[in-house]
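Per-chain residue numbering starts at 1, and chain names A, B, C and D are given in the order in which the chains are listed.
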């Protein structure tokens, strides 16, 4: 179970999946490379998180969609994902200035497996960890990114790891969080990288009492972003997955996410419920009807899993001394 | 003050405007035509609500934007509003099947004032009140719509009036709600017409304890919609107003709005801070810079005002016997 | 064959369907109500054109998509069409100020067939015929709209009929035009209502030589719009139909369509290749794969059919004396 | 003058600027790094093209907009450009797999000038030159990208240089092309990188007669893309620039651009007519009114300049032996 459930909390009205993580969607794996180096002004506290969907992703892409609530961010790969409705590489999360190197690493990773590939659409999302990490030293390498892919597994580690190593949310140290919901025999899982909001914006979960006085970072708390990856095994069309991604924004709003003008709020969703193999002329699918009650609960599941994943990212975080000795409070 | 504040509640961290209504934006007026007729299966419980921005709207349109969270709705006028960035008529809210007649009435209203007009872009939004009202009898007339325009004033009546006469939210009777926030010397006001969500979806405001057992209407509670009109006197560009409208969706999410597949969740925002007169070659404006801290608080104000307006729509509602004798509980 | 082919012209490289009209898509029918009344300043030259897809449209909607190139227009019904991906009523085309009454008529038409319907999403598109018709007298009635629906058939009449009665394109009298293309065993058909462009903008088809001197209406020629309805029997997803609609804009561009700031350029596409019945939990479809060569030719077909339909709208037009005695030249 | 005008051609009805290139917009500079290495299967024919707007771009970004006609491409930087309405780095064009390295180079370039920058939004566009170049060997380095930026000047070289070294259009060798239009005292300039279309799709300019028989590459001619950068000194809002970018797609359509399913058709526009300095609370601008006739001609200028730039890219191309000895015909 995720840190949120382990701490005895609950939120929403749907039931979590068996592990309470995005890996409840069969075959989904998550990996991290955590980079903690140096002290003082040059301290590096950053990393990379990978989300690997199951199967032969480049030969048989998965249906996918996305929603951009506010686009002050450097996400790559979403135009093709949206216009073809396909995901053809794993997804990497990292810091703002490391996006190109992670995208380059995904090309390397794909060409190693498909030497004849002439086109690769890497998908990379990011948050800015500059408050705790010397981002401008650009410490992330291709090898770091490949390691995050190679080390992915079904156990999802939360907290100050991977892309969540140096993030800050509502004035608290945060990190990577995850959650899931079951809807009939389907699962919707979320992996969240929150890095947003002032202390005063925070809407804690029921039963958790937190002071809403000003956070330690002041106006700088307005600078952050939010990135969420949704996975489901429900057979949804790309456009339905884009709508699912919209509901992740609703879940984020419930935690107090302010979507400030400096925020890059990106939500990506994919389905493992069917595939889109290259080289086929026709593609059969039996998708969940939009007007069916099941769809409404999938939408609710996306919002709830996102909400819980953000809370879990806060509860899983541990103290960490960052750049210039800065150490933010943790929620617990 | 709105019903929510009158009941002693508060939410968010920004301060309301002087009256706590959308009419805190100078010159904005609101009117209602309430139609309550008959009993039993033919009972009509519907109406029209008007929002009139100040000034000579057709000759000197106002900058405007919109966001559609989920588009299962019949809103009209938003394409031109989005592609020209202008509002050139008042806004009417009504029931789903009355949209064309209200749009026709706005043409009548405009031609009466501008006989030479050859093009009019009426803006009408709607919610479906079929659970309490015999919507299929189409009881709304052009005269009803014109009356809602003619009767508009600076006192905003909340509750079961106008387009809110027959609406249901989280299994409770709801209605029209309004709220405002002050940001520096600017105001952001919201008028909400919620008609959405199951009892179990409801996230009550702090301090209000409500059972989350199943609502009286069951699955039918998934059928609703949400419409919000935002007004501000801050000088914003049309695209900035579209972004402001996006934050209204965040405020709605905090109340539990589920954005189900049958939901038409439409958010429209206009500014009275400058105008776009016809016949000018150049248009001067001094808009609020996107990167300024003021913008972040305007975004927060849009979310908070919307959240509070929805709560106020619930608290202002009074018992009403609708179609087939159905009478829903009220929150207080 | 359409007027363009009858005159011996051809354009593009794909082959027309058997009749060269939108009705080459099996089951598609088109109807017109033409309203020609009075002379002088009060002369009315307007009408309504209907496009009726086959089958039980409300009980079993068709997949549909749309593209708005420039939204200075009053189209209704497209938000729900886009967010649900469905068409549930016939499509009506009319003049700018008659849109609400035509939408109201589609509600009447649907309720007559489905008395229990509580929600109807009418789809109406428009062009502004004010140069030739006393649009502000609002001559279109519900009965006129219902007549256009009732009179629909498989023979598509082109020229100065229906919504094309009072339109002007490139300084010439134009009207309704139609065309089709065959792609394998599939058909893509287009029905166009052009009302746009200066004489100098016109790019005539190969072999047709037209003076590009200034058109008779001067700057007023910048005021128009363009509306196109695409039909196909190829099994496409809603999002694929939205992309097909984008290619209609490319075909329009080839005729010289300028998409001026006053233009409402709306493109709607539906497929008869499968249906989305209400009340189903799962919806099977075997859609054409995006990466298949067939898709590229469907895209080409949409552009070519639109291009040809616009040319045919010009070639089919006949002299007509409009408001204040104005009589525009025709292309032939 | 560009290659198209030098060859005595003309198209459209507006007048070119003094040089007939994108650099007619004062201060705009263009640079190229051309990489031609090896023969046979490992032959590299690729490069980088830079577009540098005038002034202190990171401290005082320029207003910008974009349009994605079909998103099967790897463009980066457009989400932030669209949601903030700003361009804060130069624009680079390159091959598909070199996008991340060029983005990384733009970060390097920016940090060299603004060491305190914690966030950089590089804008990179691409076409796939795999038919003539061993793209999978990933020959582009950061140094190559920086050289394209450093070497930029006011003389715009067309043809098989920079990102256009290995491109193919309508079955002909193509390259970089450019053109401009004057509208009153304003200029709209275009730089085009076409890499699209079958021979049979080609719509040659008036007076140029080309066989429309099948092109030498067959179905592979459907695989390409199109990238266009528009610059103007007219003071336009970001949203108006996005609309200007839409008209570039119309110009492309007139040359026969098919927008196939494998195509990444990206159009970016920026204005040098005003700036958006960081650290300001209010931003004054006197923008061109949407309803003014000047706007319609700016739209026309965007379409015409794009159309001519594509033709010029074909006319400027020279014979080049590429991968596996492949040598495509040139238009002249």
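Here is the rule we use: a contact is a pair of C-beta atoms (placed from the backbone, for glycine too) under 8 Å apart; a residue touches a chain by one contact, two chains touch by 3 or more.
Please read these numbers as outputs of a predicted model, since none were measured by experiment.
**Q** Please state whether A-D or A-C has more C-beta contact pairs across its interface.
**A** A-D
**Q** State the chain with the largest centre-to-centre distance from chain C, centres being mean CA positions.
**A** Comparing chain centres, A lies farthest from chain C.
**Q** Where the centres are mean C-alpha positions, what is the separation of chain A from chain C, in Å?
**A** Whole-Å distance between the two chain centres: 43.
**Q** Centroid from C-alpha atoms only, then distance chain A to chain D, rounded to Å. What do you get?
**A** Averaging C-alpha atoms per chain gives centres 33 Å apart.
**Q** Could you pull out the residues of chain D that touch at least 2 other chains?
**A** Residues 70, 83-84, 243, 261, 290-291 of chain D touch two or more partner chains.
**Q** Within their complex, state which residues of chain D touch chain B.
**A** 83-86, 237-239, 243, 276, 278-292, 294
**Q** Quick one: which bits of chain A touch chain D in the complex? Just the residue numbers, please.
**A** 68, 70-80, 82-84, 96-97, 99-101, 103-104, 107, 111, 115-122, 128, 130, 135-136, 138, 261, 264, 266
**Q** Please give the residue numbers of chain A that touch chain B in the complex, ascending.
**A** 13, 69-70, 200-201, 203, 212, 219, 222, 243, 246-247, 249-251, 253-254, 257-262, 290-291, 293, 295-296, 299-300, 303
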